[in-house]
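Quick one: the structure is below, and I'll ask about it shortly.
For reference, chains read A, B and C in written order, and residue numbers begin at 1 within each chain.
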Amino acid sequence: MSALSDDHSEIVERHLRVLEALLFASSEPLDANSLLTYLGEGANIGELLLTLQARYADRGVNLVRRGDRWAFRTAEDLGFLLRRDEQENRPLSRAALETLSIIAYHQPATRAEIEEVRGVATGKGTIDLLMEAGWIRMRGRRRTPGRPVTYGTTEAFLDHFGLETLSDLPGLDELKGSGLLSGRLPPNLQIPLPFDGAALRDDEDPLDPDDPGGDEDQD
Amino acid sequence: MSALSDDHSEIVERHLRVLEALLFASSEPLDANSLLTYLGEGANIGELLLTLQARYADRGVNLVRRGDRWAFRTAEDLGFLLRRDEQENRPLSRAALETLSIIAYHQPATRAEIEEVRGVATGKGTIDLLMEAGWIRMRGRRRTPGRPVTYGTTEAFLDHFGLETLSDLPGLDELKGSGLLSGRLPPNLQIPLPFDGAALRDDEDPLDPDDPGGDEDQD
Amino acid sequence: MTTAQTDWFDTPAEPAAEDVMYVDVGGYEGPLDLLLDLARRQKVDLAAISVLALAEQYLAFIETVREKRIEVAADYLVMAAWLAYLKSRLMVPQAPSDDEPSGEMLAAMLQFRLKRLEAMRRAASQLMNRPRLGYQVYARGMPEPIEIKRTSLWEASLYDLLKAYAGQRERGITTDYSPIQRTVWSLQEARDILQRLIGDSFEWVSMDSYLVDYLATPAERATVRASSFASSLELVRLGQIDLRQTETFGPLFMRRRKADRP
């Protein structure tokens, strides 16, 4: 091995140690950009994270990706050992569960659209509860009369349900294929739903400055 | 390698994974006995912990022993990552500005003199803040009953406000001319000419040896 | 709307056909939920259900509930009206000139909505069955938060400093400042003074000479004259004094009226 590649691997190891320390220390997922500020210019953060992920793949703790963020989490197969009894398991109401899944699969979704799928009015409390849990957020406003707020899921949602990206949602392809995610269209019309990330869609406006959480949603 | 030792190392690896997950997720250090309950009889918990410790010895996270308990902690040499110094620029409060300006013009000034000009009690915090900012200093003690401390400005004060000497502070006519003082002034209003120079005045004694900063002020 | 108490992972026990009529509407999350439940009882794929039969069952159900005089939420009644319309469209062949959507299209739309709701329910349960954070997967139990040490860098400009100084020196001055009281004679005041000055004199005396003591400062002259003149007119009206002026802008003379003598 040449001296150059020795140097290189030494730097990589040092970077990996820094990433380990930062990611281990935090209970919240951290995004690649803020991790990069600890490594200095020129570090290939994407590659480093994948290297670290591979190293921990067989361990009791895994490095997982949640949207744009990364976190160490205990391995899924060891969950049975770690079940915490003291945790207060407040099951979500059926209305909240349905609303959450409709937002997850149909996002960006307005309240009217959620109600259309459920066939019943959705109480403000249900939306509030999901916002409070940190699983949904106000994305923007639909460019239609009344400019209704559009809702989408958060990275905490991905983290909670162990999804890397929204396209990991179970059965998503199947639902898209059968046209069931295509809003009000008749079943024989199949239009694939674009599933982009945080960026606003063509028919969405940004939130108004005085909308609650309007600022936090700009990131 | 024999089939037996293969089996053995497989079991060890499984145990190590379990320990990793438990130690990672626990909110407090865990002792060997409670860890053992997750591994089942016959596991050599002491040896397993030492193996795990050795594995993480060079990593960004180390397995550390605290008394009888074990925990993952960020490697000591990387502790600096978890500390951050933040400097924020903050405007001076009105009370601090007023106190500072009185000290500048009336120095050497005692706290009672400052309060007399301001017409309001000056909190100790204000003086401390100006001392901490490096703009004022204790000069000496007034030769009056109670021997109150006299305050004056520092060179850092001149530096910050872009003054060559204290006599560059504008006098009455300049203050009037610049509109900072209105024309309607009683003829007896005096703006003192700031007393320049670090030397003590006739009515000042040096600071006591046990006054804070008493030594630095002798120069 | 009542919130469903039922755990929705529990598939409801299949009731016998006659039991259907006794299900309480309160157990449902809206008309679509009720329809989905009725459809499931047909024990066939949603794609293969008989929408006509479904509509009839729903209408019968609502009828039973209403006969029992149970309050039914408006949502359910709207759906009932729509299903009655759907039923009529399905049973009457469509006229060529009819622009309305065909019964088949409406039925397909209803099937689509039922399938979509069911799909969302399945998706929700799949989501809940994933290894969830805090249930099967755990975050760092002893997070080591980033410690932030804050130091303040104080900012002030020379202008701020001078303004602060000038401001409080001026504040000190204004506490000594007392506004000049402008003397204003009230009518009552002027009248009292005139009464006092005229006394019992029946000689013509010019008003200004009575008031000369009070006209010492030019600033007061106008108010003294105005108030005194107005008061003198009042005294004339009361018959207490006489007033005489020999020429325009000439001096004003006044005396105690004789009749007024006690």
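As a convention for this text, a contact is a pair of C-beta atoms (placed from the backbone, for glycine too) under 8 Å apart; a residue touches a chain by one contact, two chains touch by 3 or more.
Just so we're clear, the structure is a prediction, and the values are computed from it rather than from any experiment.
A.B. asks: So which chains count as neighbours of both chain A and chain C?
C.D. replies: B
A.B. asks: Which chain has its C-alpha centre farthest away from the C-alpha centre of chain C?
C.D. replies: Chain B.
A.B. asks: Would you mind pulling out the distance in Å between where the CA atoms of chain A average out and where those of chain C do?
C.D. replies: 37
A.B. asks: When the C-alpha atoms of chain B and chain C are each averaged to a single point, how far apart are the two points in Å?
C.D. replies: Chain B and chain C have C-alpha centres separated by 45 Å.
A.B. asks: How many angstrom between the C-alpha centroids of chain B and chain A?
C.D. replies: 38
A.B. asks: If I count partner chains per residue in chain A, which residues reach a count of at least 2?
C.D. replies: Those would be 24-25, 72, 74, 82.
A.B. asks: Could you tell me which residues belong to chain C and also touch two or more other chains?
C.D. replies: 138-141, 144-146
A.B. asks: What residues of chain C sit close enough to touch chain B in their complex?
C.D. replies: 138-142, 144-158, 160-173, 175-176
A.B. asks: Along chain B, where are the residues that touch chain C in the complex?
C.D. replies: Chain B reaches chain C through residues 21, 24-28, 71-74, 81-92, 94, 96-98, 100-102, 104-105, 117-119, 129, 133, 135, 160-163, 169-170, 175, 178, 180-182, 185-186, 189, 191.
A.B. asks: Can you list the chain B residues touching chain A in their complex?
C.D. replies: Touching chain A from chain B are residues 13, 16-22, 24-25, 38, 58-61, 72, 74-75, 78, 81-82.
A.B. asks: Provide the residue numbers of chain C that touch chain A in the complex, in ascending order.
C.D. replies: Those in contact with chain A are residues 1, 3-4, 6-8, 29-33, 35, 75, 79, 105, 108-109, 111-113, 115-117, 119-128, 130-141, 143-146.
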